[in-house]
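Please find the structures below.
In the two complexes that follow, subunit A is the common piece, with subunit B as its partner first and subunit C second.
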Partner chain A sequence: MIIRPEDVKGDITKSADVVVIGSGAGGAPIAKELAVEGRSVVVLEEGAHYTRDDFKLNPLESMMRMYRDAGQTITLGVPSVVAPMGNTLGGTTTINSGTALRMLGPILKKWHMFHGLHDITEDEMGLLYSHLEEYLFVKKADPEVAGPVANTFLEGARKLGLSSGWLPRNAKECEGYGSCAFGCPSGAKQSMDVSFIPDASKSGAEFYTCCRAESIKVSNDVAKGVTGRFVDPSSGRSTGIGITVEAKVVVLAGGAIYSPFFLLRQGLANSSGQVGRNLEIHPAVQTVALMDRPMDPPKGIPQSSHVDEFKDEGIMLEGGTVPPEVHAVTLPFYGKAHAAHMKQYPNMGIFGGMVSDIDSWGRVLALPRAGYSPSIFYSLKGRDVEKARLATVIMAEIWFAAGAKKVFTAITGHTELGSTADLRRLAQSRIRARDIYAMSAYHYLGTCRMGSDPEWSVVKHTGETWDVENLFISDASILPTSPGVNPQLTIMALATRNAGFIDDKLNNG
Partner chain B sequence: MLEKTVREFMPVLLGTPEGLPDPDIEGQTRFALEYLSAGAKEFKPVYLIAAASFKVLAVLLKRKPWSMLTIEEKDYVANKLFSYSNPLLRSIPLLLAMPILASYYRREEVQMALGFDAKALKADAELRTVTRDRDLPPKCK
Partner chain C sequence: MTTREKLYARTIAPLVPSTLGTLDGFPEIEVRRVAEESARYVCGGPPEVFIVSYGGVLLLKLLALLTCRKPFKSLTLDEQKAMLQKSSESRFMALRMLPILVGLPIKTMFYNQDDVCRVLGYDRESLIEDARQHQVSIDR
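Let's look at the complex of A and B:
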């Protein structure tokens, strides 16, 4: 059952086997798996419940309703990175691209060697991925639906002999409405709100929406439940109605920014001092190409194709169309020049280059701020700056191979590439992090990392915290490193795995 | 004050899009303010600081009082600031432009002129039924 704030008339007190905070890729699979096993499950979700009727291909309206801070979350550091996050039933899966990739092979070996996570085996992850791929109808994007931007970019990549292809996506019968990031208008994308959550509800799980968890009740280092408060979805202010859930197990699944923020505010589960540290974000640079033929944006699948030639070096190219109002803020001009370029929007395409960050520094802190907002510090450093430059060069080269007349980049001094000579100049240059004027990030990871050493990690391989018994964390924060690709499938796989440990725990009293 | 600032910077940063619908200063300002209010609490004061910084830098760059500067001169200043490698200077026009550009290019008539008919796509999407059933034919349109 999905309970909206208008259905709640007064304070609520409940008891359940499990209470889950958050309904995204980490929370919803646990809720479903345990509900199907006959456990009583209560989920507290801070965002509101929107359905496909609400998804009107209107990006800014969607951002103001379904994104934290209306999509204006920015990291503090050099360069500033725009860091959008979902705040709705289904979490960020409701507003993501639907890319469903498995973690790169060598990453799990790293987890074994450097984080002692030998209990997570390749075979087990393979089974979990297969199960999820079937459950979520994962299949490669249809080239006929993908749209001209993706096809043109891949054409360029093929001319250069680069490994490329169509991305696997959790979308069933997608017809390419170009609006994944603002809510799928046809219900094709198998985000949590149309997959795990309805199935969990059918098995008796209760989802309280517009309900912000405020604290975890802990007694003698054992989690006992959660207290929360209903909030007005537009202002985020408390409605004055509270909820208390007594539970045998508490699962924190607020994502890699809000889960550590929650724990830091309460001073919980942080004897290692690692909560909020080790933040990785997959920073991304973009290129905009002006072609000599219509690209028909934003129709098609916004993120349907990829170039993975450089994935082992930590560079994945994935792209890329956006509606006019989002496109407008990506162009490196203002005033007259901006207006002249925007007129050519129908002939433009966007592609993004995502970097697996290894040298950069990031941390989430709970500093005094107005509203309910963490402070996110992030600075792009060392080899990651070079990777961002390389990603830009490769994308520009691909665009030119595909016939681009001009390519616009996010690197100061190289914002407009009109020829291969300009491209060579960028290819031979050295840049600093401050030279990148626009970066965005969509995958926040590692801030409550898993590991075998309680001094260096926050949770065990089961997802249970080292410090507080029966308190589990299930979201991207537990990933000890980047999975090298979009992480949603890995988050769901670990959540499904950890549901088994929670079930065992409940069986054993 | 915020409203005055958005109104003041709208013609500078938006330019005059030839062949596209005229700016709707009233409606766009209303939306820009709504958008700014929906963001982080610090966003509005930072926006005002960016506007004040823009004015001071414009006066220094063009050696004229702000009230004497033409739209073209302000346009020049915006692009000049954006070309600097100092991220703080560069972020001034970036920040000021965000709600202004978004408020114009989100308008239905502007999007239609650019070849994007969101309403028609939404209507088409509504005709489709996607179920999680694995046995039925894949789609009915």
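Let's look at the complex of A and C:
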């Protein structure tokens, strides 16, 4: 059952086997797996519940309603990076691109060697991935539906002989409405709100929306439940109605920014001092191309194709269409020049380059400040700046190979490339982090990392914290390093795996 | 509107025409509407975004006084636009970021309008209608 704030008339006290904080890629699979096993499950989700009938292909409306900080969360550092996060039932899966990739092979070996996670085997992960791929209808994007932008970019990549292809996506009968990041209007994208959550709900799990968890009840280093408060979805302010859930197991699944923030505020599970540290993100730069033929944006699949030739060097290219209001802010022009460029929007395509193997680390802190939000410190360092530049060069080269008349980049001094000579100048240049004037970041990871050493990690391979018995963490924060690709499928796989350990724990009393 | 939103809208309004520019075929810019919606958007974000964005607008206006010896609103549209463009190409990061910060909400609000989207070939309404006809079964 999904409970909306208007259904709640007074304070609530409940008891359950499991209480889960958060309903995204880490929380929803656990809720479903345990509910199907007959466990009583209560989920507290801070965001509101929207359905496909509420999705109006309007980015602004979606950002104001379904994104944290209206989509304006930024990191503090150089360059300052926009870090979008979901705040709605289904978490970020409701507003992500739907890319469903398995972790790169060598990464798991890295987890074994450097983090002692030998219990997570390749075979086990393979089975979990297969199960999820079947459940979520994962298949490669259909080139017929993907739209001209993706097809044109891949045509350029093929001309240059670069390894490229169609991305696997958790989408069923997708017709390409170009709005994955703002809520799928046809319900094709299999985000948590249309997959695990309805199934968990059918098995008896209760989802309280607009309900912010405030603290985890702990007694003698054992988690006993959660207290929370209902909030007004538009202002985020408390409605004055509270909830208390007594539970045998508590699962924290608030994501790699809010889970450590939650623990730091309460001073929990941090004897290692690692909570909030080791923040990894996938920083991304974009290029915009002006073509001599219609690109028909944003119709198509916003993120349907990729160039993975440079994945071993830590660069993945994925893209790309965006609606006009998002496109407008990527063009570094003002006045008539901006309007003239925007008028050519129908002939423009956009593609993104992600630094997938990163050297830069950041930190999440709970500093005293207004509102309920953490401070995120992150600066792009060393080789990552170089990778961002390289990604831009490669994308521009691909666009020119595909017939682009001009390419616009986010690198100062190289914002408009009109010829291969301009491209050569960029290819031979050296840039600093501050020269990248527009950058976004996705896939925040690692802030409550898993490991075999309690002095260097926050949770065991099972997801249970070293410090507090029966307190599990299940989200991107437990990944000790980037999986090298979009992480949602890996988060779900680990959540499904950890549901098994929680079930065992409940069986054993 | 809150006091903070009103303050932001009033401060950013003079920058709306020069940030957007006009062209034949585009709907007329409703400066007040764009400024007010920009204010709602920026004030809906985290406090640091408001501080940086509001501070950015004030700094740009100060820059006009220092470099052109005139208040920003007394500059011609072309002068205003030239100032924004020059600032965006500055070798100093802080100056470079000013027009980007200020331009972000303004550009977002204007190009979010349905009539502007239609000029660009994006008919949101008909796509929504199409999506309603193609709703996917929730059965697994």
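By our rule, the second predicted complex is superposed on the first by the 508 of 509 C-alpha atoms of A that agree within 3 Å, B and C clash if a C-alpha of one lies under 4 Å from a C-alpha of the other, contacts with A are read in each partner's own complex, and residues count from 1 in each chain.
Assume a contact is a pair of C-beta atoms (placed from the backbone, for glycine too) under 8 Å apart; a residue touches a chain by one contact, two chains touch by 3 or more.
As the structure is a prediction and not an experimental result, all values here were calculated from the model.
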* Identify the partner contact of A:434: answer first if only subunit B is touched, second if only subunit C is, both if each is, neither if none is. => both
* Touched partner set for A:177, first subunit B, second subunit C, both or neither -> both
* Asked: Thinking of the overlay built on chain A, is A:373 touched by subunit B (first), by subunit C (second), by both, or by neither?
  -> both
* After superposition on the shared chain, which partner residues are touched by A:273: those of subunit B (first), subunit C (second), both, or neither? -> neither
* Between subunit B (first) and subunit C (second), which does A:105 come into contact with in this model arrangement: first, second, both, or neither? -> neither
* Have a look at where A:324 lands relative to subunit B and subunit C in the superposition and call it first, second, both or neither. => both
* Should A:76 be classified as contacting the first partner (subunit B), the second (subunit C), both, or neither? -> second
* subunit B/subunit C common contact set on subunit A -> 52, 56-60, 64, 69-70, 72-74, 78, 172-173, 175, 177-178, 185-188, 194-195, 198, 296-299, 323-329, 332-340, 342-343, 345-346, 369-371, 373, 412, 434, 437-438
* For the subunit C and subunit A complex, residues of the former touching the latter -> 18-23, 25-26, 41-42, 44-49, 77-78, 80-81, 84-85, 88-89, 93, 96-97, 99-100, 103-104, 107-112, 116-117, 119-122, 124, 127-128, 130-132, 134-136, 138, 140
* Structure fact -> In the complex, the residues of subunit A that touch subunit C are 52, 56-60, 64, 69-74, 76, 78, 135, 172-173, 175, 177-178, 185-188, 194-195, 198-199, 296-299, 323-329, 332-340, 342-343, 345-346, 369-371, 373, 412, 434, 437-438
* Over in the complex, which subunit B residues touch subunit A? Could you list them? => 12-20, 31, 34-35, 38-43, 71-72, 74-75, 78-79, 82-87, 90-91, 93-94, 97-98, 101-102, 104-106, 110-111, 114-116, 118, 121-122, 124-126, 128, 130, 132, 138-139
* Touching residues on subunit A, where the partner in the complex is subunit B -> 52, 56-60, 63-64, 69-70, 72-74, 78-80, 137, 172-173, 175, 177-179, 185-188, 190, 194-195, 198, 294, 296-299, 323-329, 332-340, 342-343, 345-346, 369-371, 373, 412-413, 434-435, 437-438
